[in-house]
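Reviewing the structure listed below.
Here the chain labels run A, B, C, D, E and F in written order, and each chain numbers its own residues starting at 1.
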Amino acid sequence: MPASELRPQTPAAAQPPPPLQPSDYEREEEEFVWTQIKAEARRDAESEPALASFLYSTVLSHSSLARSLSFHLGNKLCSSTLLSTLLYDLFLSAFSSDHPLRAATVADLRAARARDPACVSFSHCLLNYKGFLACQAQRVAHKLWNQSRRPLALALQSRISDVFAVDIHPAAKIGKGVLFDHATGVVVGETAVIGNNVSILHHVTLGGTGKAGGDRHPKIGDGVLIGAGATILGNVKIGEGAKIGAGSVVLINVPPRTTAVGNPARLVGGKEKPKEHEEVPGESMDHTSFISEWSGYII
Amino acid sequence: MPASELRPQTPAAAQPPPPLQPSDYEREEEEFVWTQIKAEARRDAESEPALASFLYSTVLSHSSLARSLSFHLGNKLCSSTLLSTLLYDLFLSAFSSDHPLRAATVADLRAARARDPACVSFSHCLLNYKGFLACQAQRVAHKLWNQSRRPLALALQSRISDVFAVDIHPAAKIGKGVLFDHATGVVVGETAVIGNNVSILHHVTLGGTGKAGGDRHPKIGDGVLIGAGATILGNVKIGEGAKIGAGSVVLINVPPRTTAVGNPARLVGGKEKPKEHEEVPGESMDHTSFISEWSGYII
Amino acid sequence: MPASELRPQTPAAAQPPPPLQPSDYEREEEEFVWTQIKAEARRDAESEPALASFLYSTVLSHSSLARSLSFHLGNKLCSSTLLSTLLYDLFLSAFSSDHPLRAATVADLRAARARDPACVSFSHCLLNYKGFLACQAQRVAHKLWNQSRRPLALALQSRISDVFAVDIHPAAKIGKGVLFDHATGVVVGETAVIGNNVSILHHVTLGGTGKAGGDRHPKIGDGVLIGAGATILGNVKIGEGAKIGAGSVVLINVPPRTTAVGNPARLVGGKEKPKEHEEVPGESMDHTSFISEWSGYII
Amino acid sequence: MPASELRPQTPAAAQPPPPLQPSDYEREEEEFVWTQIKAEARRDAESEPALASFLYSTVLSHSSLARSLSFHLGNKLCSSTLLSTLLYDLFLSAFSSDHPLRAATVADLRAARARDPACVSFSHCLLNYKGFLACQAQRVAHKLWNQSRRPLALALQSRISDVFAVDIHPAAKIGKGVLFDHATGVVVGETAVIGNNVSILHHVTLGGTGKAGGDRHPKIGDGVLIGAGATILGNVKIGEGAKIGAGSVVLINVPPRTTAVGNPARLVGGKEKPKEHEEVPGESMDHTSFISEWSGYII
Amino acid sequence: MPASELRPQTPAAAQPPPPLQPSDYEREEEEFVWTQIKAEARRDAESEPALASFLYSTVLSHSSLARSLSFHLGNKLCSSTLLSTLLYDLFLSAFSSDHPLRAATVADLRAARARDPACVSFSHCLLNYKGFLACQAQRVAHKLWNQSRRPLALALQSRISDVFAVDIHPAAKIGKGVLFDHATGVVVGETAVIGNNVSILHHVTLGGTGKAGGDRHPKIGDGVLIGAGATILGNVKIGEGAKIGAGSVVLINVPPRTTAVGNPARLVGGKEKPKEHEEVPGESMDHTSFISEWSGYII
Amino acid sequence: MPASELRPQTPAAAQPPPPLQPSDYEREEEEFVWTQIKAEARRDAESEPALASFLYSTVLSHSSLARSLSFHLGNKLCSSTLLSTLLYDLFLSAFSSDHPLRAATVADLRAARARDPACVSFSHCLLNYKGFLACQAQRVAHKLWNQSRRPLALALQSRISDVFAVDIHPAAKIGKGVLFDHATGVVVGETAVIGNNVSILHHVTLGGTGKAGGDRHPKIGDGVLIGAGATILGNVKIGEGAKIGAGSVVLINVPPRTTAVGNPARLVGGKEKPKEHEEVPGESMDHTSFISEWSGYII
């Protein structure tokens, strides 16, 4: 999340629109990842006939990542009253026409592959990661929200919450290269902002403060790592490259490159002079060393 | 939760039956809320054709809130072995014949609308809130349980847990005007009692103490607020208007209008003379100020 | 979990294969439990016609526990792109040919019945317990993983995570007589090992340490009890008969028959001379007394 | 078909309404047939576990014939855009409130049982005869048509035609005790009238004369038998107790108790003095003797 | 069917491609019909809430006739192994890119409306006429056949035959403004050709002559009317504006504007000097007068 | 049909059981055809990605023809109250254990390939021919009927009639190498017998004579060809190698190698000295030359 996100936000309408065409880099990235996914799916279909039908219908019969993802999301999120064809159409229309959406998808696939040792391939993430899928669907809901198609955006949120147990408000802003690992139980509120290259584990809450409306949810800076079960409440800033320990309950601002742990969370090294780390934890994914360290402080 | 709930419970059979007819107030409330829901759905159907089919099938084609809700629950909770028609019939029969059930539904809709700033309309809650839907379905399961139709009640519990990731035992007693916000991961045990006007966030557990049967789950008084991820274990009493902080682990009685936070939870202000607050936290929904305060105590 | 599990593991290929035939004890156990299940289902079908169709299709029309369970899992876990017939075939082939798999199923049914006071019958567990069902499906995924059918194993994991909100890596090793109670939100990583007669509550995480591969998840000894919401991270050993308190965050080895509680978790009685208990907590299921005791230590 | 049907029809609105309550005879008939159906279904469920789930869901879980039939029709005729719950509701509302509809159903069940030697039981007809099911659904469509709910009536006609390959216009009037045997390919036009105790084989057309509107389809008297593949075109009268040979093409009035055969159809015995028979062919179901006889005439 | 169709056919590849853009007339026609359909659907949705969901999902939520039709066909023809999203995509891609396909659809809607007195609106035909729907789907299958995507074309034929009981080989050529009335049981062989403005009733067969391949099915000229149950076998020519009586079995060429009736069919007026009629029977739809006339000849 | 079939039938129980094992010829035939089917499906999957998922799920993921066919039939014939898994199990159990059933399937595939010029491959028949599929399902229903599992056999008949519009009583006996071409509208009664190498077109009825039970349906000899729309009524014998013209209505015995045509049907060449042909029409499939010839006789 660039620093600007942490300043009072410019209304969406006032922001410069994205360039009309994807950059060469984006195009190459998308092409590369899609080529990989097809190669992986082809290899898996050959080695495992029982899965081949699934792989052909979800990946190999499609001419682009946008189509494959739209098909998969449409089939996952449909219900007897929200048909797969309708959802497929909705997703396809969004992903086809909005290259920054696709670039975010590609960055998320890269993130899962780079940071999660259990992620054995891009196609594994595309097909099986509920956090990845929930995030892509939320981005489309977010687009609908910004187009003032709010009832539809909220209906999507509800389907995502039912199907994936991931509940992200369509108004929440999510950056690129985000990894929702395992993802079950993630709750992200309406005015939350999540920066780029953030990693968020399951059962994480970015929650509000009460029944008043307004800007009331956390702002998560670029490169932050939030451990499993952490609860962050209120319009607090988690600075770039900060770490939040598993199970922490955070109600305070956390400065960049520092670590907060515990219930209630405190800064490792102390409030006055918190210890700073060098690496970007959202990318290095070191979940535990800092907690051990902190435990050392207090035990 | 009236004090009587906290005393050894009279068996259901011995309790006075509800009046045969809804009161004028109940009738008007139901009429008002249903009229609102239809107006909202009509407005949304007009502005969003992609959602109109969903809104007509779930709301606008129905002649009453009971029918709309039964249809929606039947379609959400059905499976290939428990057909939607069977569940629809079951829900419709319960809601049609039992006006206190309907009054509780109306009170829950009111609660969501009043307390959750993200709840933009009654229909948004009716259609999209898994906590609301799980709670209504549990009330029907509870009715079946009390009619000694226990295998069916347990099958419903299982469907609710699969579909909504909300696991409330059918024997648990739930008051009116209850808000399960986000709701994913809520677990409520067999002998738990939840009073009126309670607000419970996601990942909250009202759990038991072990493998012995008997009365072994928490009793939550009226107006209580339980923060995200709180775990309350055993037959403890959480007094009227108490607050339980997010992420707390509570194994003690919490007196009325006091606050418990932390793992293990302690009373803010201390065990001997806990600080009392004025407002009803289940309604004011102040999730954070008290924790900050408490943090101040211990950091 | 036998001690051998805690030693560097022999590759699966090198382990002695299970005996070709089930022992008499296993056969009798399976027969006994299946006979009970059918009797329970028949009783319930008679008393509750609305459930009879469900009970006949899932239990009473089948000639064995393996068929009933395969049918039920196939119908629960199928999707529009992974058909029930395919999954049924897959499960049936696994359960029919692998008697240790069936013996583990039977032991799990026994465990639920013995330890969970809300479990009123074997059929209640078989039909309605998502933790039980997720565990049986994971065992089949584990078998596929060991047969190098990894894409299929991962697809199963994804379906289990979508449907039950239980996310167990197919490579994780799970013993017999395991109870996943409520189960929503359980996450178990790739190199985790869970011993025999373990009880694990909902929202429990057995997680990794970061983005490096290798042996990085907890090893849970036989008879351990892990309370709701506990997070155990890294390649730590939780010794036989240990208890982990609800909501704890554990990053340390926990010696046999000791108790760890809190965030971060500490041993009850202190690191140097932790208090030892006599009972097997995974079986006695005492979730709270030790925490109260510990609370006493620190408050 | 009473003679009055053959006279210029009184508009539906002008006809005397049916008595408000079923007669004792109707009540007893319905009770008798429903009791039989349940006994048959129970016997079959006991002898054939693989069918028990089907029999419980369609018959044994229901408290009345109206509910069982509505459930079965709702599940047979539903589609992804016309949900089973909606259709169930529609059918149940019609059958519950309209006892002549139910009496016609009972008479049709009696007719199949009495006239079709392959009909082994009432439940066999109720569950498996597409002609019976299409006819019951058409009666409901007819009721909707008369209530000026024509788009819905036509949508039902379309579903019946898709599912059963039986295409009967909702405006067509059908008497009681009618047997559509095999039924595939039956087409009945908008202004056709079918009397009581008529038997109609598969591939029978009661068609119109061209593109002009108005009264343009056949009127079939009581007790008529129409053989397989017969085509009757135009506003012709087939008199009471007449027979139409298989494969005939009929464009003429056929007097009561006479036989028409051939393509184009001629009266057996000649136009001037056709041979009259004694029995009611719609009930005796003699499909062939008369044709042989006729063949004798012309070969 | 222009005379050229009756000459040895030029291979598809050699035919001049259709113009790249629809003509103004086609555009206006499509626009007019689509506007009508939406107005009809809106009116029906308002008057019949039980059908509104269906009408919104199939018509009112779509931005074009091509989308509405593709959605409806995709949902009608899908199966558990050929998903609606896949079929929707296939249909949409064909209809969007091929304006002559859309023009044929519009002409067929016009034909049903003009010739069938039971066709009360364009939307009635679009939504409910299996003959119309089967014909549109066949045209897409025909396009696939010509693109050498034969396995897919044959799979579509199979679905159309299962769902609509209409079995038209994808290689058959069908003109514009064709009405398949009722349609159940229609069979059209591989080398059949059907001209423009033809009307074909149900159970009509355009069949082959035996097991030899090659050009072996009927060629039906423009404006022909084929009555219910007629069977036309072999590579015979049914001249422009000819009529074939219901139930006829035709193995001979039928000259333009003449009538063939009977089994085996003969020309009305005699082989040598058949009677000629003035009107275009495929449009006037006079099914019966000529047969009566003919009956007069032979009785 | 061997002559013995035409004699009073020995009860099934008294017939010699089939040999326990398939002959080498049967084994090789099955192997050959299955190998072909897989090769065809693989070729089609490669050339048509949109169909690959279908081909993998129905053919390429299966290890035998019996499994592939059982899967396909289970998915085609299932309904919301008769699940695909149940039907799959039923079909698989029949085909796996009964090699004569499989040999008949193979002979039918051979017949379609040899006789129908539109049948481009074995897999085309297996996947797309409703006549083939209905016949295989009927054979399983027949087996159930003979095992006194009549309610299940009748439920299957009903599903086959709904899904394929092919209505064959489960008691009817059908030989090997039978081709039901197009098949829509075929009706075959309870006591009908169909010999080997018979070809039957669509809309053919083998019907009964009235409401009396007993042996009342046609017996069709080996090698018979029955044209489209022919109706054969009563316990008549159609001798080996006879032909029945399209649209004929047959109520008489037809001697071997003779031809019957017309309504009512007469023997070509006259009753006394009918013309005999040399070829086996069920195999040569000459549908028309004989009718033309006959037409010559009578026009």
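Please note the rule applied: a residue touches a chain if its C-beta (ideal position, glycine included) is under 8 Å from a C-beta of that chain, and two chains touch if they have at least 3 such contacts.
It should be emphasised that the depicted structure is a prediction, and the values quoted were computed from it without experimental measurement.
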Neighbour overlap between chain D and chain E returns A, B, C, F
A correct list of chains touching both chain C and chain E reads A, B, D, F
Taking shared numbers over all numbers used, above half giving same and below half different, the chain A and chain F interface sides are same
When B-D and B-F are ranked by contacting C-beta pairs, first place goes to B-D
Equivalent interface to D-E (more than half of contact pairs same by residue no.) among D-F, B-E or C-E is D-F
Expressed in whole Å, how far the mean CA point of chain C lies from that of chain F is 50
Chain centres from averaged Cα atoms put chain C and chain D apart, in whole Å, by 57
Per the C-alpha means, the centres of chain A and chain C lie apart by a whole-Å value of 29
Residue ranges of chain B touching at least 2 other chains are 50, 53-54, 57, 61, 75, 80-81, 83-84, 86, 165, 184-185, 203, 229, 247, 263
Contact graph of the chains (line, ring, star, complete, other): complete
Listed in rising order, chain C residues that touch chain A in their complex are 79-83, 86, 90, 149-152, 154-155, 157-158, 161-162, 165, 167, 169, 184-185, 187, 189-190, 203, 205, 207-214, 216, 229, 231, 233-234, 247, 249, 251-252, 263-264, 266, 271
Chain F contacts chain C in the complex at 53, 57, 61, 67, 71, 74-75, 81, 83-86, 88-89
Note: in the complex, chain F contacts chain A through residues 45, 49-50, 52-54, 56-57, 60-61
Chain E partner, complex, touching residues on chain C are 80-81, 83
As the complex stands, chain B meets chain A at residues 44, 47-48, 50-51, 53-55, 57-58, 72, 75-76, 78, 84, 114-118, 120, 124, 127-130, 163-165, 182, 184-185, 201-203, 227-229, 245-248, 261-263, 283-289, 291-292, 294-295, 298-299
